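Have a look at this one.
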Amino acid sequence: MITSRTQVTVRYAETDMMGIVYHANYLPWFEIGRTTLLKEKGLSYLSLEKAGYRIPVIEVSAKYRRPALYDDEITIITTIKEKPTIRIKIYYEVKRGDELLVTGESMHTFIDMSGQPTRPPEAFVHKMNELFASS
Amino acid sequence: MITSRTQVTVRYAETDMMGIVYHANYLPWFEIGRTTLLKEKGLSYLSLEKAGYRIPVIEVSAKYRRPALYDDEITIITTIKEKPTIRIKIYYEVKRGDELLVTGESMHTFIDMSGQPTRPPEAFVHKMNELFASS
Amino acid sequence: MITSRTQVTVRYAETDMMGIVYHANYLPWFEIGRTTLLKEKGLSYLSLEKAGYRIPVIEVSAKYRRPALYDDEITIITTIKEKPTIRIKIYYEVKRGDELLVTGESMHTFIDMSGQPTRPPEAFVHKMNELFASS
Amino acid sequence: MITSRTQVTVRYAETDMMGIVYHANYLPWFEIGRTTLLKEKGLSYLSLEKAGYRIPVIEVSAKYRRPALYDDEITIITTIKEKPTIRIKIYYEVKRGDELLVTGESMHTFIDMSGQPTRPPEAFVHKMNELFASS
């Protein structure tokens, strides 16, 4: 299991007329979470894109328990529980302090620049083998 | 079962650097779908809000099969399959012509202006009884 | 002078906690306006991109008089007053019925796929000559 | 003159199919800039809203020199040059390292919860008098 924490402050632009964060705006936070996790493991998304790989979202879900509010300091906890194969499953917890606000999951595959499914790059496989051997 | 169709044209603002619609941007389309469905049944979301009700999303999920592209004409097919109780479950299909791009589901409850769970308004219950009796 | 009208319905996603359309969200409406204007003149932005041209925004401004609200039917009136040279200046009026809500302007140039400034494509120049001769 | 610096990392969600940050997405960064500036001066926007004041944008403009790209570390430099009266004018510079990418300006007024123009709160006036006396 590998995990990472990152922080965002809620932007005015992310709220809606209900006075809370608009539900779709948690998905970019999930993305910040997984971007940070990969970067911390030496696998920046930018370097993967430059090497010709893309990792689109093929499934996403979220459960909303309590709303995040403008100017809240939010922690996104991102976890990969199972060693990725040709798919990567990622779990998210969005918290304000100790209070759990939203949970979510996403599933990803690798595609090449022409949009065709492809195997993950060697560096990615190697790093995941290493991380999940030691975890 | 009640269903509705509505159309959007993909905006440049909705694309990302992968050259496709950013995955989070399908969720506002789902919202357009359910807004249209409710409005067609005489239950505009605006009138529900003015009557003191809000219908937040408590769960949402999406599966991405093929990407929508800039300037595509997109059809959103929105369906309520089961008569709503204190929860409403809504299904979505996002199509480009006959081609299915994305499917999704959302779950909603009713809350009052103070954010407390509440029973749906009488007009809503009545209309749903009528629609699901005849369907 | 060439002009065009197009309509949008305000999305819940476009509102903020002030209960009105978030100020940045008028800029994608300006874009819808100019996209429609170009398309009506046979110069779809998509075809320009496919021909290797991009038309980035180099300046934009907006003045906000009255706010647009959720579910409002909005008209965007887009106008090119002067024949474009290597720059295109575009004017916008955002209205709800007869009521003027927001005005704006944008300035654009042509660049090629490598991001370098370039002259507009022949078809664009020809069409603009034609339109501004007869206007 | 009062000034403030704040940082954002470009999100994937903020890019468009041109491969750069979508032009409208600089406006929320301007907002982060002014939010930070006010907060540093002890005038958090949240506290102003809680005291019954809102500070809508009545004019905004931006000039785009060079594009910000995904994962860039961006600095937003926010400046108030003239002591605010019933209007506040704010200037922005968006930089990547020493490289100036975008400049902008915004104009704001104070309104009350009913949307009517109002004088700024006492605490705001007092703080601005203090800051501009010493600057």
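Order of writing sets the chain letters: A, B, C and D. Residues in each chain are counted from 1.
Rule of thumb we're sticking to: contacts are C-beta pairs under 8 Å (C-beta built on N, C-alpha and C of every residue); 3 or more make two chains touch, one makes a residue touch a chain.
This one's a predicted model, so the numbers in the text were calculated from it and none came from an experiment.
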item	value
Centroid comparison with chain B (C-alpha atoms), farthest chain	D
Pair joined by more contacting C-beta pairs (B-C or A-B)	A-B
Centre-to-centre distance between chain C and chain B (centres being mean Cα positions), rounded to whole Å	28
Between chain A and chain C, centroid-to-centroid distance (C-alpha), Å	34
Euclidean distance of C-alpha centroids - chain A vs chain B, Å	25
For chain A, residues that touch 2 or more chains besides their own	12-13, 18, 20, 24, 27-28, 70
List of chain B residues in touch with chain D within their complex	12-13, 15-20, 22, 24, 70
Chain C to chain B touching residues, read off their complex	11-13, 27-28, 31-32, 35, 44-46, 70-71
Parts of chain C lying in touch with chain D, wherever the complex brings them together	18, 20, 23-25, 27-28, 54, 56-64, 67, 115
